[in-house]
Amino acid sequence: MAIFLGDNQYGKAENRVVRIVRDSPRHEIHDLNVSTALRGPFGPAYLEGDQSNVLPTDTQKNTAFAFAKLVGTDSIENYGLALARHFVGDVAPVEGARIEIEEYAWERAVIDGVEHDHTWTRAGRETRTAAVTVDATGEYVIGGFKYLVILKSTGSEFAGFLVDEFTTLQETHDRVMATSLVAKWRFDSTDVDWNATYDKVKAIMIREFATLQSLALQQTLWHMGKAVIEEIPSIVEVRLSAPNKHHFLVDLSPFGLENPGEVFIAADRPYGLIEAQVLDENAPPAGDAWRIAAGLA
Amino acid sequence: MAIFLGDNQYGKAENRVVRIVRDSPRHEIHDLNVSTALRGPFGPAYLEGDQSNVLPTDTQKNTAFAFAKLVGTDSIENYGLALARHFVGDVAPVEGARIEIEEYAWERAVIDGVEHDHTWTRAGRETRTAAVTVDATGEYVIGGFKYLVILKSTGSEFAGFLVDEFTTLQETHDRVMATSLVAKWRFDSTDVDWNATYDKVKAIMIREFATLQSLALQQTLWHMGKAVIEEIPSIVEVRLSAPNKHHFLVDLSPFGLENPGEVFIAADRPYGLIEAQVLDENAPPAGDAWRIAAGLA
Amino acid sequence: MAIFLGDNQYGKAENRVVRIVRDSPRHEIHDLNVSTALRGPFGPAYLEGDQSNVLPTDTQKNTAFAFAKLVGTDSIENYGLALARHFVGDVAPVEGARIEIEEYAWERAVIDGVEHDHTWTRAGRETRTAAVTVDATGEYVIGGFKYLVILKSTGSEFAGFLVDEFTTLQETHDRVMATSLVAKWRFDSTDVDWNATYDKVKAIMIREFATLQSLALQQTLWHMGKAVIEEIPSIVEVRLSAPNKHHFLVDLSPFGLENPGEVFIAADRPYGLIEAQVLDENAPPAGDAWRIAAGLA
Amino acid sequence: MAIFLGDNQYGKAENRVVRIVRDSPRHEIHDLNVSTALRGPFGPAYLEGDQSNVLPTDTQKNTAFAFAKLVGTDSIENYGLALARHFVGDVAPVEGARIEIEEYAWERAVIDGVEHDHTWTRAGRETRTAAVTVDATGEYVIGGFKYLVILKSTGSEFAGFLVDEFTTLQETHDRVMATSLVAKWRFDSTDVDWNATYDKVKAIMIREFATLQSLALQQTLWHMGKAVIEEIPSIVEVRLSAPNKHHFLVDLSPFGLENPGEVFIAADRPYGLIEAQVLDENAPPAGDAWRIAAGLA
């Protein structure tokens, strides 16, 4: 009987890199959570505890902070590419690098109608994400966000569904639809205006969510992904994960009250969970663009 | 030896009330988390299990949802007052009611530059809070917010502090100052434009945080509280709890790099915690305005 | 109009102190979360930014770690008393100190039936707490725990309650009762076997929860607090906060199934919240034993 | 340009199923969090909003609760298999089902040395998990746990690692090693004593963690996975994800104190993250055993 080491990677997760750009009195802030992972000939570290090829995770942390100074963090995609290229190109045994980054949004404080030079409040809205993979097969960038919480108070239906012996749900033609959307999109290039593209993807998805008379959350997701690929040539794949955050109409009739879509209880659990992948048929191979950690897949 | 029942209260916590105002095609959304608690002659429920005076927490839940329809939720302070007055005035044995409410902010979706009638995204910024107490001594309203995350990249110092044998900290005259502020303010009236006042308090606090050359977070808190009381006559007391969210300058010198206030690591724990109460000397008695649950004090 | 500084305190929160006792090959582990706060003549720090009386929170952190070596952490109550006495007794301007500590439980790993000398797994059960206050009026110790999650599958009723126009709840004489209990108890002495007493309090509370045929969670709390004061002379006050973690019987009748108390859905929100204080009539004054931060009260 | 729908699934997540077995006065409790997902010809729901093949997530929820009565929950693996087989076998359009379950551990209350018949406290230790996939290619069961928090106070080293220009870490031959382990193991059969096997896997992993003189967390993970496959014939693959929960020795020398491995600060972020897959070379194909939601991969 033979047992062998399969997929593996190691790195430093959640380096909280905050970069202040102070080249002028009007400062800028970039607030990042950076995770690095390396792939390569690390079998001996597992099988014999031989670290000779292992760049310490502490060094990966130092590198993440140093690169925030060396290359800056104007976009998390470019910063992630620089980090990944360094690990693969400059550290001999490393064959592949995976850099995952979250960026938290801040809004400039406005004092008496004037934007302040060096004070911000956390916007708290959705978190922008990037996943950059560099290996012998190429460079792959996935943009995204997580937890875009969006709700529409009408323009959503659910009817005509399959019924079996465990079905008690009633049809509805006017309901609240809400989700906390996780979206990821794959680029076919690294020559992209990352920040402008992020804003455009978000605007398209919000537009589709708002304007489609939805027959199901599935249909809304499809329209979101399809519109992004149609309108942004550099994006060839979109993946969406959407919890259906149920808002149940409260029965006020025991109290002699009508409730025409006005008072809802926001439920925590359980929730529907709809997930889908939308692809351009001409998308190039994804390589390890979507590969995540072994233990988590 | 005699043992007796002291302070006590009971209620229903975290009713997730979502109210859609759909009187016109342009809907409004109010997203609340409502907790009710009743005080009065409930000793027999504890000592003998006699529920005859106990209005079930399930009924309190029903009442919270019904009142979202009956009186609306245009401001959490007025909605809370209506609920508290009902419990004390309409439910015979109840002597006091405490209503605590959180409100989550939503932003109207903008599609091609036009605000959408019935779609919003969660703003995710600070949570507005209210605590309303009604009892035989009067009516008390505390407004507030929690987790206003605010940061300034300069204009903050810390020096001239006490030194003992366990002190290793170096003085600084230029540091990042950041907090996740919890603020509560007591009104001396219930005849207030609650929503406009909330916006004004928040603007004043952000202004003071941004514009004061801070010698310590303590000094910043004092200026925040003092300015609110000075500029808003209906507010007579402010309480502030401010974690000092440390952003440590990263030493890049081992890598031959300078770091003139550009690259920081955002630390999780430990954190400083500064708390203060600022009062108008003419403030009326607070009664039970600040009283919270026995078990938590 | 005069505005003044009221209650205030400052300190370092959540110092994650892990103490390994390795005097013998059989190590011990104490895993603590330590928060310190100082009270005294700190007004100038707020009003003028004058830090000359301010012992930095960074120094308080250093002190917490140094005392883990100097006095050890065999009980969080004694460790907290040593820290508080040091701040009040050895740091000139300090008039009062409040030390709040959480302790996380670990269980020794058992390998082939033998306890291992230096490996543990986190028990993950309730968190033990202590709050120590030392000031000119004396020394006060509050023991406690938070989040003791306990459930009984029968032996709980709720009936005979007050009914009003918003009441829809049905009576029940057999339900699941569950809570995530927060309990705090005040001692009238500092000469206590802290660890043995903690175990005894927990055992008494679990016994009362299990054995009382409960007519209401209120009744169960009263019996818990009363029994602790009766059986442990050094404890003169108990405070309890108990969310009623609802487990609703699922209606399986649409599927032709009976459900005699077998299948429940555990609800998240809303939940009942019952809170009570139980006192020995001969309890000495509590002083600032229960005083918490201004901003949070 | 053609755009198409790729991978997709939908279901109901986090059904909080609590099952009380009360066939005798000595009750049993099973506390589960059940997520179901269906795969099949659901394209029309996305592309045209046609729900005719869509079994509502609400129905999936009902089914999860009904099956807790119909087949019981003695092991989450068998319960998950029953649910998955039902969806694939009894609901015409469904081609594949994925059932993911978490089980929370409870300990029977002990009153005066005697186990109580119907009262428990939450153990709070690691969460047991199962992921069951049934489709046309077969039946796949993955057992596991998440967040087994384990620590050793000695018997861990880290030295001989690769050094580059960003490396500042010092070698160590005696450190604290701690992790919060996520482990998943694939079975080659569905004819398994699931509960006994779970206990055995956990015991083996704790044994390897404790007894190996570790040269790196990588080495410890390899020994854990290898031992499980060697000692449990029905397990053919193990996947491990292990954050390196750093415990840093505190420098007490400024205070004239030595610290020979006694006082540590438990750090939150960043943390190392080591992940590995260990395989039996004779493992059968995994099919979709490891496939998770599109949006998350």
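As written, the chain order gives the labels A, B, C and D, with residue 1 at the start of each chain.
Everything below uses one rule, namely that a residue touches a chain if its C-beta (ideal position, glycine included) is under 8 Å from a C-beta of that chain, and two chains touch if they have at least 3 such contacts.
All values reported here derive from a predicted model rather than from experimental measurement.
Colleague: Could you quickly compare A-B and A-D and let me know which has more C-beta contacts?
Modeller: Here the pair linked by more C-beta pairs in contact is A-D.
Colleague: Distance from the CA centroid of subunit B to that of subunit D, rounded to the nearest Å?
Modeller: 38
Colleague: Averaging only over C-alpha atoms, locate the centres of subunit A and subunit D and give their separation in whole Å.
Modeller: Each chain reduced to its C-alpha mean, subunit A and subunit D end up 23 Å apart.
Colleague: Distance between subunit A and subunit B based on Cα centroids, please, to the nearest Å.
Modeller: Centre separation, subunit A to subunit B: 30 Å.
Colleague: List, in ascending order, every residue of subunit C touching at least 2 other chains.
Modeller: If we look for residues of subunit C contacting two or more partner chains, we find 15-16, 62, 66, 166, 168, 254-255, 268-269.
Colleague: So with touch defined the way it is at the top, what topology do the chains form here? Options are line, ring, star, complete, other.
Modeller: The chain contacts form a complete graph, every chain touching every other.
Colleague: Help me check something: in the complex, which residues belonging to subunit A touch subunit C?
Modeller: Subunit A reaches subunit C through residues 165-166, 168, 254-255, 268-269.
Colleague: Under the definition above, what is the set of subunit C residues touching subunit D in their complex?
Modeller: The touching residues are 15-22, 27, 29, 31, 62, 65-66, 68-70, 106, 109, 111-112, 116, 118-126, 148-155, 176, 206-207, 209-211, 247, 250, 252, 254-255, 257, 259-268.
Colleague: For a test of understanding, state which residues of subunit C touch subunit B in their complex under the given definition.
Modeller: Its residues touching subunit B are 1-16, 35, 37, 42, 45-59, 61-63, 66, 90-91, 93, 158-164, 166-169, 182-184, 214-216, 218-219, 221-222, 225-226, 229-230, 237, 239-244, 269-282, 290, 292-297.
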